[in-house]
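Look at the two complexes coming up: chain A is in both, with chain B in one and chain C in the other.
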Partner chain A sequence: MEAIGKGPIHRARGVLYHSLQKYTAIMRVSIANNLAYVMEVFFRALLLVVLVFILGQLWKTTFSIRGVAVLDGFSISDMVWYLVVAETIALSLPQLTRRIDQEVRSGQLAYLLGRPCNYVFYNFAQYLGERLVRLAINGAVGAILALIFVGLPHFTWMGVIAWPLVTFFALCIDFVAYFSIGLLAFWTEETSSFALIFNRLTLVLGGVLAPITIFPEPLRSIALLLPFSTILYGPSRTLVHFELDQFALLLLHQLITLVVGSLILLAIYQVAIRRVNINGG
Partner chain B sequence: MSIIEVEALAKTFKTRERAAGLTGSLRSFIAPHYRKREAVKPISFSLEPGELLAFIGPNGAGKSTTIKMLTGILYPTSGRANVLGLTPWQQRRKLSFRIASVYGQKSQLWYHLPPQDTFDLLARIYELDMAEYRKRRGFLVEVFDIEEYMHTPARKLSLGERMRCELAAALLHKPLVIFLDEPTIGLDVIAKQRVRDLIGQLQAEEGVTVFLTSHDAGDIEQVCRRVIVINHGEIILDAPVAKLKRDYLKVKTVDLLLEEPAHTLLTTDTESGKQRLSVQLPASIHEEIQDTVGVQVLKAKGYGLKLAIDTSRTPLEPVIAAIMQHCHILDMTISDPPMEEVIAAIYGQGSRVENADGKADMSAVATPLTSGE
Partner chain C sequence: MFVVKAGFRTVRFIGSYLVANLQAAMEYRVAFIVQIITMIANDGLWLFFWWTYFRQFPLVNGWQSNNIIIIWAVAACGFGIGMAVFGNAPKLAALIMNGGLDAYLGMPRNVLLHVCITASDPTAWGDIVFALGAFVLLLHPDLLHFALFLLLSLLGALIFVAFLVIFGSMAFFLGNTEGLSQQMLGALVTFSTYPMNIFNGVVRIFLFTVIPAGFISFVPLQLLQHFSWPLFGAMVGFTVGFVGVAVTLFEFGLRRYESGNLLGMQN
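Moving on to the complex of A and B:
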């Protein structure tokens, strides 16, 4: 039989047009789906209050014991705003690995694989929608908290403009890492342990407790070289303490991390897709 | 020209085996042991445009694996398949524009959102012209009678309502072939019937080719015209549904809840010691059937009575009518024989056919049958 075209009610447009349409539609639906339980996301964001309060008090004590007003370029106000931004990003992470793991084990991915869209991009759009909702709510709660604690921030307009870009890349790096770990469900019985290790390393070495530049050597140099710093420390510092050369270095670091991570993801995906075994049928 | 052509298609899975106990677990961790399982042995068949094929078999027979190879999700171990002129696992994306699949045990609807949102998303994913899409959606909403569910979150829909929405969603892009994997699983009798009617109606109106897997004989009887029975990865029967009904689905199980004790309808055969139904069939309606020769009493306890009725020897209707003349029926369920019994009967028939030819002995029960009728 001769191969067929796309169908009688298909709209003939370019690949880029359709790709943009379909993946933004997925993101929109994902946002709507997550807004369905916005209160749950809001209550989760209240965890920020506890974390920022404890860490803020710790830093206030540290500043007073050392008798300084500025530590490595960060005032106590900068430090609290840094903590809020870093925690906002860290706490907005959805359970991506668990979802992919379950899709692989339950065979739910059969639906997605049977559609004219890329499985990786579909999941990226869905993840981005989910994460943006959490990021927005965390951001709102965190900003109110910091305003109450230390007053207005000393952001520069360049920092405010650059922050969305580096945060977007940070979210992409998270996606590449947690999606790849989720795909390991094709080989391993349990992927959550890998996700937990990556998450804890991101929190500790990524600079959620303090800016990495405050770390003692050689931990400081090691942490700055590792990809975790591009997820939390880099974007948070960009907003709170913008420096053009640091921003350029961060962008380069993020792009290298993303390219290497994406290549690893694609390699895992290419092998995994041939191992599809579709459980439950 | 065939719309689906399958030639010696086979799939073998490699599964890791784990030994029992702590030492066994450690041993499997250090030196894993794998077992090969032939989910689908080399199978061949073809399907013409507009055909309604039932691909049936018990759990683990290889039905879903075959569907997943034909939709391009699974790579086969060997063999060849051609769906709409394409090799599914090599041209999955291109093929996906003209086929649809519905899995009864899985959902494509977004859990917290109304079906309308999923429909709109699918229109984008399948790259549909939005004006055409709206017309198509209106048509399907009307045919499937789902207007009132379109704005209700999917999580609040019953399984039957959800399945109607799933079917409509799968048909939005006007597929030429639709693969239905157990579409009636878990549905109650009325919802099952509704889904079956809709599949039949849609095929009649749009001429779509239907490839349906099920282990519910009722699906096949009412929806399809051709049946392929698969067991342990092998095709054991390829025949018209009429033949399947005539030869293998003729015994119906009837469960009755009576107003009077069941034993008042029964007598015990003095020779065999078995219980039999002692009601007079209405001769005026079925003059040729004067006794309950095709009726077997499976169970009689209290007010409950379970009968197996061979409809080729005794039609259902006069038996039920005769019982109703004797006492009121409070509840009744009529069911087809389970798939395992149908398959056992096919194997049994295979041995009888071969014995009739005098070419095989009585032990040759596992002989696949194919029919070009």
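Moving on to the complex of A and C:
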């Protein structure tokens, strides 16, 4: 009786373990592929240097004109570190929508569907590998820049521990959004426009240029309610200004966004997959 | 007389390509319109954010929140004209690396001009519509200021294209500079859309020479607010000089160009 009861659980565990191994292997290959062109990734970090430099100058000027050392709880050092963290996440985004769009249009999706893995998870593993390499290199470049600019940060150990978790959820939310937009290629001629708008909303209302709490009302309240704040503002603030209640709220906001986003993605995927015609080959 | 005729022929040549590129983009009418609307929304979103920001945190030294509208309008219009008319300039490094110049070398027209005008970026039309809309609707200029705005945007467009040609031509000497060219263009666009008041010293010199963002937005802003002939002369002089450097570098590099014996059609 006990053996019968354990059977399905063991089988499920086995399936889960093998799936995890499979997708981890895909992610490892993606990391290796991106590390092979590491200089190109470094080149891309040039824009991070430019943006952090300009925004740092802008905030330095703003602080000096206002004659204050702290603005909404952020000192100039906190502000520069916040900008570095937010820009690091924002600029690590790969061209996911374009890839999915091309796979749909070229018909390559049909070949990938035949592989012994789920198309969505396969792309997630590949995306995660690429994004982690970019995140690490951007983070290293950004940290050096911030150290030169304002010196050591004042992170708390709780913030340092919590940051990887909320950043992982932020990357997942980005994936769900850009993957769904890429799948729209089944119906529309053009998906890059939708990706551009989502990206700009994430940057502007997500707090890449300044912490959202500094925005004037009603922009501030609107931006805090929208899911974009969970991608950049939330994780960046968690590292720079950790507060337990804000962290709990962010996690809740991220989970709700992720669940709703995943449901939308699955719905689009289910409808889209029925439109695939495989004509041999 | 010969110069006038040659100039007229060149303008007609550019115009013909512009029309052909526009017709090609209109083949995918819906996508083209969506791209234009998206770009207007994109530029509008940034402008709204920065306008809100500078109202909340005004800068001193005569900076007004309306200045951000001029900076964005003139930079977007310059970039838009540059990419709509000379939309192939960002691909120059890739063409040099892949032997793609072969198709242009046998043609009777100027190689650099021909390469640059062969393609057009459809989203650039969105930048132009946004810039004209923002300048006219938000600032209500008189006819003279509007004409000056168009002229300054045109000069800005030439600076953008010359900048791309300079970094693209480096592929003749350094190998693949496509990534560098893209990153430098990103830096130029970014620096062009922020007030120059926040930079000083060496950075300011840098922004009027190596990355000439100052001549794309700051000088036009000054001219549109308080026109002066010496400053206008400096703007025209810099543009002519910068274009001259780009053309010379390309011509010099072209002597080192090695054909890839690439068989293909010019598209």
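Convention: the second predicted complex is superposed on the first by the 263 of 281 C-alpha atoms of A that agree within 3 Å, B and C clash if a C-alpha of one lies under 4 Å from a C-alpha of the other, contacts with A are read in each partner's own complex, and residues count from 1 in each chain.
Rule of thumb we're sticking to: a residue touches a chain if its C-beta (ideal position, glycine included) is under 8 Å from a C-beta of that chain, and two chains touch if they have at least 3 such contacts.
This structure is a prediction, so every number in the text was calculated from the model and none was measured.
**Q** Touch test for A:M158: chain B only (first), chain C only (second), both, or neither?
**A** Neither: A:M158 stays clear of chain B and chain C.
**Q** If you stack the two complexes on chain A, which partner ends up touching A:P116: first (chain B), second (chain C), both, or neither?
**A** A:P116 contacts chain B only, not chain C.
**Q** Which partner does A:I222 reach: the first (chain B), the second (chain C), both, or neither?
**A** Touch partners of A:I222: none, neither chain B nor chain C.
**Q** Is A:R11 touching anything from chain B or chain C once the two structures are fitted on A? First, second, both or neither.
**A** first
**Q** Considering only the touch criterion stated at the top, classify A:G107 as touching first (chain B), second (chain C), both, or neither.
**A** Touch partner of A:G107: chain B, not chain C.
**Q** If you look only at chain A, which of its residues touch chain C in the complex?
**A** Interface residues on the chain A side: 40, 43-44, 46-47, 50-51, 54, 57-58, 60-62, 65-66, 188-190, 192-194, 196-197, 200-201, 204, 209-210, 214-216, 219.
**Q** Can you list the residues on chain A that touch chain B in the complex?
**A** 1-11, 13, 18, 21-22, 25-26, 29, 32-33, 36-37, 106-108, 110-111, 113-117, 274, 276-278, 280-281
**Q** Flag every residue of chain C that touches chain A in the complex, lowest number first.
**A** On the chain C side, the touching residues are 28, 30-31, 34-35, 37-39, 41-42, 45-46, 49, 52-53, 55-60, 179-180, 183, 186-187, 190-191, 194, 197-199, 203.
**Q** Can you list the residues on chain B that touch chain A in the complex?
**A** Contact set of chain B toward chain A: 1-3, 5, 13, 63-65, 68, 71-75, 82, 84-86, 91-94, 96-99, 101, 103, 105-106, 108, 110-113, 117-118, 120-121, 124-130, 132-133, 136, 153, 173-176, 181.
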